[in-house]
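Multiple structures follow.
There are two complexes below, and they share subunit A, which is joined by subunit B in the first and by subunit C in the second.
Up next is the complex of A and B:
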């Protein structure tokens, strides 16, 4: 009897998990389906789910009108390098806060997070003027810098919470054996925190990849990433849903693939320290 | 010998790297509308005529573009050489000296050929600050088959009373056909474009000569209650979230008997590839209330040069090419006369080939002629603009008022409460901005 209940529970929870997963994935699925519709089908009411005239003409139009590769390379460089630099700064910062806290550590952490509480548009004009004077407008370096700064508080916070889970004694043991801080960081801390580091990196990469405010406002042509590419397909006059969906599908494709391959690390990282 | 060969190689590669003519790169910011996309595709013609100028495009959604370009021009960032801006921005930016007057568009540009109402809308103190690329007004589009079936005849100049009666008669909710589709989505360029133009026909105005808001006057009450009653009885469900595109889809699917919106829609609803009712559409002027003003707006997308640009001469050449008379011929030769950008030049409306393929051309012209940005309402006003007031504060105020009116349509508030809220919020903002002393 107990066995029956268990099986039923497994079936129900599996079905619920699949349903929940499907609900979360549905907007993305709908976008992908819309990208294969004609503009008229995309706007049709009631909408058809699968039985419509399938076409790849939207992808052809998007390829013809925009330089996808140029935007994709910019996105990869900007998101990748801003993540890398943020990690280089955040790992030592989080280490010192987790393992050598001072009286003000908590305040510093909170102060760092508080910078995320201001809407970015509030500092748009000052940043724009600074970028203009330093010649950073429409440059990859400028976008890498601002995205790195913007994501640093979250990265430091995430790494801090992961590092807090690691027993101090292990690091002390390494120190007793004569390890320097650098060796301690690289050979002891890093291997233990790999799931946390990986998920932080991936989350930071996704945040940088999706960031639309600064990338739209500070880039024009040369540094324009995929967010600018998507924004060029929305229109107030005329039908555009299918083409916009095709552009969006192309824009999320790389990060979707990356997420797919690193999902094991991501899940491990996100549940790291959940069970003691 | 080796040294000589190296020097020779260096000199040759240096020569090869230096272009024969100094290249100027123009960065053009534009919106994602069909006519603009066509301009990008045809830009090869400009490059062929001007090999020393390279053209690069930044295409953005209208609101994103507006914010992006405003930031750049206000900070003199110099990221763009040619801007696509609306008639709303032109007078505001020209007065701030953000735009360069277009005095040198060439001897054959023929400024006098521009439609007078459109030309006025993009001029300040008689000087042209932007060149119109395409212009539009709004008009009535209706289903001739449904009118015939109901025994109704659409007058060329319909009144609101006629439209209200006809809409109720034509509504057949069981068949999914609604008497009238109008914008309901909140926004200064969405429902407020329609409602401000509609209010002009009822004799209302946004502000009196001392900039006091006028939502507490009977004319506005008449406007809003007519709109809400009409839409509740004869409009499609969920109309408070419908904008241009949603109504276009409804009309093309045969669900609207009447639709009042931008004249540019005429080519979409008569296109057999996009519309199921392409051969059953008639056109008329936007309705009036017998006060001498129709409920139609006036808008144009224009090309302008920001004051920060260092490539003014090349930018002027480009603008003269894109908005000149020859551009219409170029479009006609590649994509046919029906695709020529409408609403900017008198000569287009005298061209028999264009008139042959555009049955809506005469009404588009009549609608543009009927709108006057300098005298939008029956009563005197202190502002310029038909469906907007060309002051920087209008975007914010217009959208807030639009939210109130959209709520009145969806039933979230009453007509009286929406008007009272609109009055108080507009008065507060106008006082804060210093218009009301």
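Up next is the complex of A and C:
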């Protein structure tokens, strides 16, 4: 009897979970399908779900407008470099707070967290004026700088929670064996920290890739990443659904794949360790 | 000796991050405070003058502020309600024995990784278009009149889009919390003859109280500054119907170039966010000690 109930329960919960999952995922699926339609099919009512004329010409068109590649490169550079620089600043800081904590460590961590809570729109005016005066508007350097600062608190926090989990005994053992701080860093800490470093970089790359407040306000063309490129499809006269879908699919595909790998770290990174 | 050396090293390693974040926090904020006391319009250069609290008086009594405050509250409240009311059952479902759970979880999480401009435009055009959108077709299929989402219920349309983006976040956090719930506790309750419903009410729900609080606070921080979704779909309209505080300040700063007024608005936004942040920092801080 008990077994019967269990099987029934598995069947019911499986069916329900797949249904929910499919509904939540559907807009993305629909976008991907539309990207393979002709513009005519994309507008057709009733919509065709699978039996339409499959074509990849939208991708070719998006590609041909060479600006797609240009914006994709901007996205990669901006998200990549802002993450790298944030790591360079954050790793020493997190290391220091995790392994040589002082009485003020907790306050410093919470203060860093609180800087993340300042609404970007509260400082939009001064940042815009500073950027205008220094010629940083629509420059990659400007965006890299601001996204790096914006994500720095999250990077420090994530690294801190990872470093915190490395058992102190191991470090002490290494020190007893006469390891210097340099050796300790390279041979003991680094190998243990690599998973944490990797997932921190991954999540912050994704956050920077999708950032759409500063990128929309501070870049127009030259430095514009994919968020801004896609926004240019919002004007009614330039609206082609199939091409919009193809461009969108290309814009989200890389981070969707990366994001699926980083789902566990997502919770840790975005709740600042409040939920594990 | 060694410890003193370590302390010194630790401090110098910490310094760059602290100094940078300190500058990042203080300089722009001080400038915002300064600008907020000026009459300063970029279209009208050379007329800058000190006006005291005039900008605040103007901003806070502007009908657009009340409208956008209302829209902000409705947007934040509705998205919180939707993501939590849906997030709890979805998380409970994913906590069940499900065949192919990994794939289902990937599908549920996916919207979170879609950049805001993409989600907004895909929803607005492919799904919500009043004539050729998929929703319009579904409505006609069951004999209903299709809704012209962005004309008849623009704020609701934005709420739906933003909820879709944040549902995965709520679900994922609640699921993580559920998985840490002691299985034995649940089993013991079942053995004692507790029905699924009372197990949920007396054991699961109390356990979820904290993660739900965390979801509410973190989502609120991000939802207070929803911008891109409004920027690419409605531009704040029709009228002021989808203008939230973030969008209002943006349009005062970069459309009307009224620096003084926008700065006053920016400070109002900072104050609102700080009220939320105060509670979040306390919860996280308490957790840090445990």
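One rule holds for everything that comes next: the second predicted complex is superposed on the first by the 182 of 276 C-alpha atoms of A that agree within 3 Å, B and C clash if a C-alpha of one lies under 4 Å from a C-alpha of the other, contacts with A are read in each partner's own complex, and residues count from 1 in each chain.
Here is the rule we go by: a residue touches a chain if its C-beta (ideal position, glycine included) is under 8 Å from a C-beta of that chain, and two chains touch if they have at least 3 such contacts.
Bear in mind that the values here come from a model prediction, so they are computed numbers and not experimental data.
K.L.:
Touching A:170, do we find subunit B (first), subunit C (second), both, or neither?
P.N.:
After superposition on chain A, A:170 lies in contact with neither partner.
K.L.:
A:234 in the overlay: touching subunit B, subunit C, both, or neither? Say first, second, both or neither.
P.N.:
both
K.L.:
Check whether A:45 is in contact with subunit B, with subunit C, with both or with neither, and answer first, second, both or neither.
P.N.:
Touch partners of A:45: subunit B and subunit C.
K.L.:
Who does A:124 touch here: subunit B (first), subunit C (second), both, or neither?
P.N.:
both
K.L.:
Please name the chain, subunit B or subunit C, that touches the greater number of residues in subunit A.
P.N.:
C
K.L.:
One more residue to check, A:217. First (subunit B), second (subunit C), both or neither?
P.N.:
Both subunit B and subunit C are touched by A:217.
K.L.:
Touching A:95 in the superposition: subunit B (first), subunit C (second), both, neither?
P.N.:
A:95 sits against subunit C, while subunit B stays out of touch.
K.L.:
By the touch definition above, which subunit A residues appear in both interfaces, subunit B in one complex and subunit C in the other?
P.N.:
Shared contact residues on subunit A: 43-45, 124-125, 128-129, 216-217, 228, 231, 233-234, 239.
K.L.:
Of all residues in subunit A, which touch subunit C in the complex?
P.N.:
Within the complex, subunit A contacts subunit C at residues 6, 9-10, 13-14, 16-18, 20-22, 24-25, 27-28, 30-31, 34, 42-47, 89-90, 92-93, 95-97, 99-100, 102, 106, 108-110, 112-115, 117-130, 149, 152-153, 156, 181, 206, 209-210, 212-213, 216-217, 226-228, 230-231, 233-234, 239, 241, 244-245, 248, 251-252, 255-256, 258-260, 263, 266-267, 270-276.
K.L.:
In the complex of these two chains, what residues of subunit B are touching subunit A?
P.N.:
Listed in rising order, the residues are 27, 31-34, 37, 40, 56, 58-62, 64, 67-68, 71-72, 74-80, 189, 243-245, 248-250, 252-253, 262, 264, 268, 274.
K.L.:
Given the complex with subunit B, which residues does subunit A contribute to the contact?
P.N.:
Those residues of subunit A that touch subunit B are 39-40, 43-45, 65, 124-125, 128-129, 132, 137-138, 216-217, 220-221, 224, 228, 231-240.
K.L.:
What residues of subunit C sit close enough to touch subunit A in their complex?
P.N.:
6-7, 9-11, 13-14, 16-18, 20-21, 24-25, 27-29, 31-32, 35, 90, 93-94, 96-101, 103-119, 121-123, 125-127, 131-132, 134, 136-137, 164, 167-169, 172-173, 176-177, 180, 210-211, 214, 218, 221, 224-225, 227-228, 231-233, 245-246, 249-250, 253-254, 259, 262-263, 266-267, 269-270, 272-274, 276-277, 280-281, 283-285, 287-289
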